[in-house]
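Pasting the structures in now, so scroll down.
Heads up, the next two complexes both have chain A, just with different partners, chain B and then chain C.
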Partner chain A sequence: MLKFFCMVFFILDKLFLGDEMRNTKYDKIANLHKAPENRLKNAIIAFFSGGVMGFLAELIIEVFCMYLHISRIDSATLMIMFFIFMAAFLTAIGIFDKLVQVFKCGLLIPITGFAHSITSSCLDSKSEGLIYGIGSNAFKLAGSVILYGVVSAWFFGMIRFIVGGVG
Partner chain B sequence: MTFYYKHVYLDDTATIVGPYEKKGPLHKYFDKTYNDLYFGKSSFEKAEVKLVRDALVMLMKKTGLKKEEIDLVIGSDLLNQITASTYGCSGVGKSFIGVYGACSSSVLGMIIAANFIEARFINNAFCIVSSHNMTSEKQFRYPTEYGALRPNSATFTATGAAASCLTYEKTKVRIEAATLGRIIDYEQNDPNDMGRVMAPSAIDTLVTHFNDTGRTPEYYDLILTGDLGKYGMEIVKDYLKELYQIDISNNYNDCGVMLYNLREEKEVKAGGSGPVCSALVAYGYVFDLLKKKRVKRVLLLATGALFSPLFVYQKENINSICHAISLEAI
Partner chain C sequence: MLLLNSFLFCGFICLISQIILDNSKLTPGHITSILVVIGAFLDSFGIYDFLIKKIGGGAQLPILSFGHSLVHGALAKANNVGFLGLFTGMFDLCAAGIAAAIIFAFIFTIILRPKN
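What follows is the complex of A and B.
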C-alpha cells in the first residue's frame, strides 16, 4: 500500500513538479555564486559626494552673490545653469561617466544627472542626423522624468487647489 | 544533436581587437590591435563594419584565397539585422549566410560551414563574427556616454572581429564533432547577470555532448565556455557536479575570463561577452595551442543569451542557447 502511494506521488511529482524542482535547484546553486555587491559602501560614497555637490552649490551661490551683486534667488538660478552646463560639458568630453563610476549616484541625483542623460542620448544618436537622431532620441532617458514630473505636478496642484483654494 | 566530421579542417584564422582586449593577457595572440574604438570611422557602427572588413582582408591574405575563390561566407554580429556582417562581407565570396545566435554565433557559423563542407557542397568557407562594445551598449543598454552603474555580475561586450577559414583540405587542426544546442528557459530575467542566464544552456549542451559521444571530461585537454564570466563558470562547475556527477574543474575555463585582466580592468566586471569573445580566444589563443600541439583536444561551447530589451520590459524570461564544437590537433 505504502509502495503504491509512493509510486503515485513519484509520478505526480514527475508530471507536475519535474521542471519546477529543477529550476529551484538551479536557483539554489546559482545563488551561492552571486556577485558580491557592496551597497553600503556605494551608499556612503554617494552620501558624501552628494553632500560635496550641495556644498559646492552653496559656495557658488555665495560667490555669485558677492561678485555679481545679484539677489540669492537669481544667484541660485545661475548656479543651476552652471551645474547643467558643467554636466553637459563633462559628458561631451567623455569624463562624466567615469566620474560617476568613482563618485557613484551622488553626482546623478541633482539636476546634473538630468543634463547628463540628455547629453549622452544626443551624443549617442548624433550619427543618425538632427531629426531622426538627436531630435527623436534626446529625451530617451529623460522623457519619463519630464512626463511624470508634469503629471504629478498637475495632481499636486489640483490637491493644493481643492484643499487651499486659489492664492 | 551531435554530428561527426571526417574531412573538415581549420585552415587559418584572423583576429582584430580593440583597446580593452589589447590590454588583456592574450594580446600577443591577436593579429591586429587598435587603440581607438572608432577605428578611424565616424560612428561606432561603421567602425564595426571596418572590423569585419579588416578581419576578412587579413584572412584572405593569410590563406591566399581571393575574393571570388571563397565558396561561402557566414557572418554574424549583435547589431539589428546583423548589419555589420552584411555590410562588411559585401562583395566577398560566392555566397553568404547571415546567422544570429547572439553570443553563440561563432560556433553556430562554424557548425553550418562544417556541415556544408562534410557534405562536399563546398570546398572552403569563411566564418566571421564581430561585436563592438559601444554598439551593443547603445542597442541593448544605455547610451554609450551614460554613466549607469553596473553591478559586479555584469559582463563587458568585447570589441573585435574574428574570422576563420574552414576547408576540405588537410591542415593541422581538425574539426572533429559538433553538438547543436537547444533553447533553454530556466526562468532567469536579469539582463545584468548573463552568466546566470546562460549557464543552464552550457550545462545542457555539455551533458548532451557527453551522452551522445559517450565521452568524459578527461577526453578533452581543455573545455571552454564562451562568455559566462567568473560567476557563471562557478555555477556550471557546481551544478554539473551536484546533478550529473560530472567534474570538469580540472580542465575547464571561460573565454570571457581569459580575455581580460579582471583585476586590473575594473570596467570589465565579471568578464567579457559578445559573439567575438569566444571566437577571439578560440581563433587566437586556442588555435595557436592546437597548432603547436600543446593541447590535443578542445571542446568549445559558445553560449548565447537570446535577449531582447523589448521582451524583458514585457516581463518575459531571457532564453539562452549553447553550441559546442570539438577541435583536434593532428
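What follows is the complex of A and C.
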C-alpha cells in the first residue's frame, strides 16, 4: 500500500514539477524531517542514563553484600564482573549498539563501554580466523585504555613513590 | 545516601563526556583514555579513595575507576616490597575486570553468530 502511494507520488512529482523545483522541495521536506542535533537533549539523556547505571551499581553492591554475605570489596568486584557480563552478552546478541544510540554516553563511559569495545572488535574480526582475527584484534579499541592507563599509572605511581612516600 | 550520590556522580561524569563528545571531534576512545588518565591522577594523591568512601558503587563503575585501581594496586604493592612493587602490583585490583572482559568476550564470540 505504502509502495503504491510512493509510486503515485513519484509519478505526480515527475509530471508536475521540474527538476529545480523538485530539488528545492526535496530539500525542504528533508530538512523538515531531519532530526535536529539536539545537544542539550543528548546531555540530559546521558546524565540520567549514567546516573541510573551508577544507582544500579550501588544497589547491586548492597544486594550482594546482604544476600551473599561477602565483604564490600568482593561485592564491588562481583558487581563489575556482572556489568561486564551483561555488556558482553548484549553486544554479542546485537542489542547494545541500539541501546547506545538511545542512551548515548551513559553506557559508554562506565565499564560496560570497555567490555563492549572488546566484544565488538572480537565479533567484527571473527571471520578472519581465531589467531589473526580474534586473537590479534581483540584489543583494537580497548588497547588504548589499557596502554594509557598502565603508562599513566606507572608515571603517577613513580611520582607518589618518590615525592609523597607511600601510605 | 550512597545511592543518591552514586546517581549524581555517575550521571555527572557521563554528562561531561557527552558534552565533550558533542562539541569536539574526539571519539569515545579518546574520552575513555583521558578519563583513565584522570582517574590515575586522582588516585595517586588519595582523592579517589575519598570519593569511593563518600560515593560508593557509583565511583567504581565509570572507567575512571580503572586508572584508580591500577595506581592503587601498584602503590599498595610498592608499600610492601619497594620499587619493584610498582610493576608487580599494577594489575592486582583490576585483574578481575580485564580477565572477565576477555573471557566473556571470547566465549560469546565463539558461541554466538555476529549480526550483520
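Note that the second predicted complex is superposed on the first by the 129 of 167 C-alpha atoms of A that agree within 3 Å, B and C clash if a C-alpha of one lies under 4 Å from a C-alpha of the other, contacts with A are read in each partner's own complex, and residues count from 1 in each chain.
Here, a contact is a pair of C-beta atoms (placed from the backbone, for glycine too) under 8 Å apart; a residue touches a chain by one contact, two chains touch by 3 or more.
All values reported here derive from a predicted model rather than from experimental measurement.
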Broader residue contact with chain A after superposition on the shared chain, chain B or chain C: C
First, second, both or neither for A:Y26, with chain B first and chain C second: first
First (chain B), second (chain C), both or neither touched by A:G94: both
Contacts of A:A57 with chain B and chain C, given as first, second, both or neither: second
Chain B versus chain C as contact partner of A:K104, first or second or both or neither: both
Which superposed partner A:D124 touches (first chain B, second chain C, both, neither): both
Partner chain in contact with A:I134 - chain B first, chain C second, else both or neither: second
Shared chain A contacts, counted only where both chain B and chain C touch the same residue: 37, 42, 91, 94, 104-105, 108, 117, 119, 123-124, 141
In the complex, chain C residues that touch chain A: 2-3, 6-15, 17-19, 21-23, 28-29, 31-33, 35-37, 40-41, 43-45, 56-58, 60-63, 65-67, 70-71, 74-75, 78-79, 83, 86-87, 90, 96-98, 100-102, 104-106, 108-109, 111-112, 114-116
Contacting residues of chain B [partner chain A, same complex]: 42-45, 138, 142-149, 151-153, 186-187, 193, 196, 199-200, 231-232, 234-235, 238-239, 242-243, 267, 269-270
Residues of chain A touching chain B in the complex: 23, 25-26, 29-30, 32-37, 42, 91, 94, 96-101, 104-105, 107-108, 116-117, 119-121, 123-125, 127, 140-141
Contact set on chain A toward chain C in their complex: 37, 39, 42-43, 45-55, 57-62, 76-77, 79-81, 83-85, 88-89, 91-94, 104-106, 108-111, 113-115, 117-119, 122-124, 126, 134, 138, 141-142, 144-146, 148-150, 152-161, 164, 166-167
